[in-house]
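The following pair of complexes shares a single chain, subunit A, combined with subunit B in the former and subunit C in the latter.
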Partner chain A sequence: MDAEERQLAREIQEQIHQEMNMLRTDAGQIRHLVQDAIVKLTGSFNGLRDQSNDQHALVTSLTTSMEGGEGGGEGEGEAQKRINIRQFVSETDRILRSFVDHILLVSRQSMEMVHRIDDLSSQMNEVVSFLHDIDAIAEQTNVLALNARIVSARAGEAGKAFAVVADQVRKLSKDSNQFSKKINDVVRRSQENIESAKEIIEVMASKDMSFAIESKGRVDEMMDEVSKIDRFTAATLVKVSEITDRINQDVGTAVMSLQFEDMVTQLVQSLEKHIGLVEQFTGVVCCGCPDAAQGDHAARVAAIRQVLQEHTAIFAQSSHKPVDQVSMDEGEVELF
Partner chain B sequence: MSGTITVNRHENETSISIKGRFNFEMHSQFRTAYQNEIDGSVNKNRKFVIDLVGTEYIDSSALGMLLLLREEAGANEADIEIINARPEIRKILETANFQRLFKIS
Partner chain C sequence: MLVSTFTLGDLYLGIEILLVREINRSMECTPVPGSHDYIRGMLNIRGRVITLFDLRRRLGWNDAQPVGDGSGNKRKQYNVIMKTRSEVIQINREIGEARCPWQDPVGLVVDQLGDVLDIADDNIQPPPANLRGIAADFVHGVVEFERDLLVILNVASVLGVDPEVA
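Showing the complex of A and B:
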């Protein structure tokens, strides 16, 4: 091998070396780009999964609070005591009911009071009829006194004292009549008072019930509406929950797919290794084997063949593919 | 303007039929309709039938009278049936929860 040949071989080797270095740099860059991208993707997918879990928790708490309302659960701790629309409506219904009960109680007691007052009134009437009896007795007494006066006048002097008694009896009869009139007057005024008391009670006892019917109807309508809204919300929450589950599954698949970083790294490493082997091989071939450099043509060929055989053997050993997979769908990949 | 009350007495049953407006003004008529049966207390098991077929209107005082009848006829032992109520009156009776205290048919 002459000097010119050696110079040419050195230049070729130099060129190959430069190109190989470029390949190595590119391979390294690929590895870094992929690693950077993987870190960011993993972070963003994990964030997505966290947010989707938060969303799932929110939906679950919403569903639980709705179910809690349906049972009207009491004594389940302060957290469970949040008032929802359903509870509000049923509370309104309860208040309306107690209002109606109260009106009924007032009416019933008023009617009982009216009965007592009616009894009182008829007893007053009895008093009036007794007064008539007293009047009749007074009238008879008056007539008797008058007769006694006439008889005493006939008796002359002897009857004078008797005439005084007869006058007294007549006066008593008139007094009795006057008392009877006064009592009658009081009874009449009492009857008037009783009538006005009854009027007051009538106002108290007589309530039109249509307000209760209308309010009840409105409460029932509201209850129906709330039930409809509840059913719709529950159905929507179930759908949202399903979507969240699917998002979680998709995120899982995406994170799993990021395993390809491993394969890319292995492929790049293999690439770098083979760049080294090629460099070494070309170095030996171009510069000739130091042992055979001084030898003749046949000896050089033999030496180069020797190097080729060694290289072929090394290549055969390391030629198996570091990554067999062609697509990400193949094979089982563990999550990292 | 108030209603009128007709009473029909059978062996063990008193039927009280109310026509027109059943309101406060009916109180003494209504009381008279059942008072004798209860005061006599001979027929402890007497049944009362309140016929509302001709009743056009009912207010809370009428409900109070019915409650009072129930109490005076033996409260929980009382046997009182309210019949022939028209829909709007039936609704009032139901809102007042009368179906728990009376037979309504």
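Showing the complex of A and C:
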């Protein structure tokens, strides 16, 4: 082997060494890049999973509170303390129904009261007619007394005592007349009061009923609307809960997929190791073989063959791949 | 002098009680055709036929009917039935001869009944020339009270009977 060949071999070895160094640097860079990216991705996916878990918890608590005590379990006591919309609607309906019942009762009683007042009014009229009879009697008594006085006047002195009696009777008739007038006044005032009371009660009896029934109808409609909205919200929450579950699964899958970092690292390490081996092999082949430098052509060939055989064995030993998987879906990986 | 009092509208009237026979509630009477308008009609009381004088018309008041009490009913009126001359003379000849010239049973229609008053003769004043549209002839005298004026009727003049003729 002459000096020119050795020089050529050294240059080739130098070139290969440079290329191998570049390969090594690239492999290292790949490893660092992948490691950095994996750390960040893992962090962000873990954050995403935590937030998704929080969201899931919130939605679950909302749904249980909407379903009330039916959810059962440990949340029952808490759910009973809070009044949910369904309970609110039924409670409002109950209260309203009792209100309307009360108003209808009052209305019926008012009508009854109107009848009673009519009775009272006609009885008052009877009292007035009796008072007229009393007036007539008083007036007749007055006329009678006056005539008695006239008769007593004819008797002169002898009729004096009779005249006193006649005057007393007249006085009685006048008193009776005055009393009857007073009673008449009171009865008239009572009748006026009774009339105005009757008017008020009639208004009460007629107006309240229709108003109460109308209001009940309106509130029933509104309650129906509220129930519909409540049911829609509950259904939506169930859907949101399902979506959150799916997001959780997807995030889990993503985190699991991030395990490829290990494989990539091992692959890169294996790559570096092979680069070293190839470099060593080329070094020995080109100029590291002392026996081949002095010997003739046949001896050199034999020396190189021997080196090739040695390295073939080394390559065969290290050709076991650290990672056999082609995709992440293969194999069982226990992550959590 | 004992005086039985009445009202006619706002007017406070008195008639000497000795001349009065009795007082009744006004009742339906039989009109007398062709008589003066102040003759209300004839009335039969316990078999005696009495000529009723409408005092309002006799005094020349146009509103012959008394004002109602507002309820639409005609206000009640009363008949003051007078004694006849012979009846009065039986009791008191002097008064009968002086103030009761009428022989037939007659009555006056008044509005309301009043009291029986004992009035001293000194308190009776001669009638003013013309009192509330009543001709002075119809008035025997007037008595002043605190608030009112009692007009004591000259029944003979009211009935249109001249005492001298009788």
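Side notes on the structure shown:
Criterion: the second predicted complex is superposed on the first by the 192 of 336 C-alpha atoms of A that agree within 3 Å, B and C clash if a C-alpha of one lies under 4 Å from a C-alpha of the other, contacts with A are read in each partner's own complex, and residues count from 1 in each chain.
Just so it is clear, a contact is a pair of C-beta atoms (placed from the backbone, for glycine too) under 8 Å apart; a residue touches a chain by one contact, two chains touch by 3 or more.
Just so we're clear, the structure is a prediction, and the values are computed from it rather than from any experiment.
Of the two partner chains, subunit C is the only one that A:Val143 touches; subunit B does not reach it. In the superposition on chain A, A:Gln55 contacts neither subunit B nor subunit C. In the superposition on chain A, A:Glu202 makes contact with subunit B only, while subunit C stays out of contact range. In the superposition on chain A, A:Thr92 makes contact with neither subunit B nor subunit C. By the touch criterion defined above, A:Ala153 reaches subunit C but does not reach subunit B.
Comparing subunit B with subunit C, the partner in contact with more residues of subunit A is B. In the superposition on chain A, A:Ser107 makes contact with subunit B only, while subunit C stays out of contact range.
Of the residues of subunit A, not a single one touches subunit B in one of the two structures and subunit C in the other.
Interface residues of subunit B facing subunit A in the complex, by the touch rule stated above, are 23-24, 27-28, 31, 58-61, 63-65, 67-68, 71, 88, 91-92, 95-97. The residues of subunit A lying in touch with subunit B in their complex are 97, 100-101, 103-104, 106-112, 114-115, 118, 202, 205-210, 212-213, 216.
Residues 139-140, 142-143, 146-147, 149-150, 153-154, 156, 163, 167, 170 of subunit A touch subunit C in their complex. Across the complex, subunit C meets subunit A through its residues 2, 4, 17-18, 20-25, 76, 78, 91, 113, 115-116.
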